[in-house]
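First chain A sits with chain B, and in the next complex the same chain sits with chain C.
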Partner chain A sequence: MSLSLDATQLDRYSRHIIMDEVGPEGQKRLLESSALVLGAGGLGAPVIQYLAAAGVGTLGIVDDDVVERSNLQRQVIHGDADVGEPKVESAARFVDRLNPDIDVETHEARLDVDNAHELIGGYDVVVDCADNFRTRYVVNDAARIEGVPVAHGAIYKFEGQATTLVLDGPCYRCLFPEAPEPGTVPDCATTGVLGVLPGTLGCIQATEAVKLLLDAGDPLAGRLLFYDAMDMTFETVPYQRNPDCPVCGEGGIETIEGVDYTGGCRIDAD
Partner chain B sequence: MDVTVDVVGGGERECVLEDGATYADLIRAAGFHPQEASVLVDGSPVPGDRPVDADRVRLLRLIQGGSNDHLEAEG
Partner chain C sequence: MEWKLFADLAEIAGDRVVAVDTDPGETVGDALGDLLEAHPGLRDRVLDDGEVADHINVLRNGSNVHHDDGMETRLEAGDELALFPPVSGG
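Moving on, here comes the complex of A and B:
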């Protein structure tokens, strides 16, 4: 059964379609699904690359930066000729060249309190490739309220963390209730990052996003995957839902408007 | 009291704490800033101001990098 896949699509996605776990129905499902990628940088680049290749039909890309030459050591969807261009435009050109089936929705903006609900609400999955704690807490909170699962990833020098935040599982605040004060945790700009590291972590996030869209396999929910590139080891850390979580607990917040995301992004209990 | 701290990705270390020490004290004893890491007991984070009541914990460092990592500070 080919459903509505045309001959070109049957050829392009043949290695998906041949698998029982995807098949033509799963591929059609991917083509009809949507993902919002927050950040078109180190993690976002492989996520955009693989979700586009996989045929995720609508890709939203949020980023307010321009391509810099120092990005090119790891942000593999951007090239030398893209330096100085908005990342969302460079990313959209990459997707257009890779797969004409994909509709790209570019959002040249920084996701924050005033636009998070609107940006996240219409998508089937969010892939969190942000580079700062403020955005990560805004994403966690708004996505949970909007009922959208999140594939989370973060990197530091030679290490990475990934976890998947599904609606019936714990959220990011269940693991890290508050953000550290700005400046207390170093970022990649000040410490450096192995160029291939975001490729590894981004591929894990893309894998999780595809699984969520297919409703296949076991998501990385209630588990944080820790990757050490130097030791080439993976470790899984289980974590529990916090029944008193101000976001996913009973009586959690219904909007992020009014939440102060400066400092520790703390939400005080009523 | 003696507490075994399993630092995720960093191996185990034994920490000796005075009676009444908090989990923030334990994080410092393990060599980290209390805002830099979360202590998990049975899979759940514990508040930093809570007195230590476990003899074995996991310590998970927060990391934030991912996308662009510009040099300007975030709000």
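Moving on, here comes the complex of A and C:
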């Protein structure tokens, strides 16, 4: 597909276009790209904002929740008037106001075993902004099988973790072969979360997604980035591919159908 | 020797950094034993059938002890140990 930038776009994206690392070619590439954002909550809000602003032409948004007032302390794309509305609708309105270049594909659904391959396949990048372990393992597994890289981010109170799962690098299961049993780690509703925390982490995820789409820079692959908002420190921990990984290892699974994602989401080797 | 704890592990222990009386020459496993003795509340969270649960990573100087001798890895003076679990909030 060929498309040339019109005068409005040359203006809108001028700060990208002027840089050698992006340029008009890179901007066209972004406009022709697609990203799937899983979750339009704390992490998803800044991801949607920045990918839409950057001109990522097709933005898929998956979420089955409605906006609640307690979301507004951190989920900055939703406003007071959106309370009670589906998050995907509120997010789509936000994008429409920000950038008419973007086609938003809303999926008011929960990503799970029955729809993951269909939802993820075809996108250029997935940004994992989910709020539970089950979805995160489903995303990792289905995206790897579909050949789509994942910009992962997750938060807990004042801390965040980010890593990028590229096709020739380790997957999330290489780092964490299984999830803690449900109920082991309390969620945001129980523990609370610093409102600005997902802003920081989501911006890191959006950065990684844009880099992947531009094929620029070094992705956060094989490295887990820790952010501690209280200490204001970042640390990076390297990790390697597990040759016996049931998803990205030799002879890994070819579909997530039949995988049991209850409990620890473990896939036992045959 | 010091352990650095992340996420809910730090909350259970009540501190992000826990000093233990493990000496150089002892193992990572010894240091973990000393940590769990000092903070018994961590035992159920960290161990699964007596072994470190699969979802908890044990680091020595920022690298997973899998790359050395696992829990048998010998400690050197000044080593930094860390335990981190995944988090899932979004």
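Here is the rule we use: the second predicted complex is superposed on the first by the 267 of 270 C-alpha atoms of A that agree within 3 Å, B and C clash if a C-alpha of one lies under 4 Å from a C-alpha of the other, contacts with A are read in each partner's own complex, and residues count from 1 in each chain.
The rule is short, and it goes like this: a contact is a pair of C-beta atoms (placed from the backbone, for glycine too) under 8 Å apart; a residue touches a chain by one contact, two chains touch by 3 or more.
This structure is a prediction, so every number in the text was calculated from the model and none was measured.
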(request) Superpose on chain A as described above, then tell me if chain B and chain C fit or clash. (result) clash
(request) Please indicate which partner A:N132 is in contact with in the superposed arrangement: first for chain B, second for chain C, both, or neither. (result) both
(message) Output check: A:N71 vs chain B and chain C. Expected answer is one of first, second, both, neither. What do you get?
(response) first
(request) Would you sort A:E159 into first (chain B), second (chain C), both or neither based on which partner it touches? (result) both
(message) Output check: A:V237 vs chain B and chain C. Expected answer is one of first, second, both, neither. What do you get?
(response) both
(message) Let me test your reading of the model: by the given contact rule, A:E105 touches which partner, first (chain B), second (chain C), both or neither?
(response) neither
(message) Which chain, chain B or chain C, ends up touching more residues of chain A in the combined arrangement?
(response) B
(request) Could you look at A:F226 and tell me whether it touches chain B, chain C, both or neither (first, second, both, neither)? (result) both
(message) Applying the document's definition of touch, where does A:E146 land relative to chain B and chain C: first, second, both, or neither?
(response) neither
(message) Show me the chain A residues, by the header's touch rule, that chain B contacts in one structure and chain C contacts in the other.
(response) 39, 41-44, 129-133, 136, 153-156, 159-161, 175-177, 179-180, 184-185, 187-188, 193, 198, 226, 235, 237-240
(request) Enumerate the contact residues on chain A facing chain B in the complex. (result) 38-44, 63, 65, 71, 87, 128-136, 153-156, 159-161, 174-177, 179-185, 187-190, 193, 198, 224, 226, 228, 233, 235, 237-240, 242, 261-262
(request) Could you please specify the touching residues of chain A with respect to chain C in the complex? (result) 39, 41-44, 129-133, 136, 153-157, 159-161, 175-180, 184-188, 193, 198, 226, 235-240, 264, 266
(message) Under the definition above, what is the set of chain B residues touching chain A in their complex?
(response) 8-9, 33, 35-36, 38, 40, 42-45, 47, 58, 60, 62-71, 73-75
(request) Spell out the part of chain C that touches chain A in their complex, as residue ranges. (result) 6-8, 45, 53-55, 57, 59, 62-64, 67, 84-90
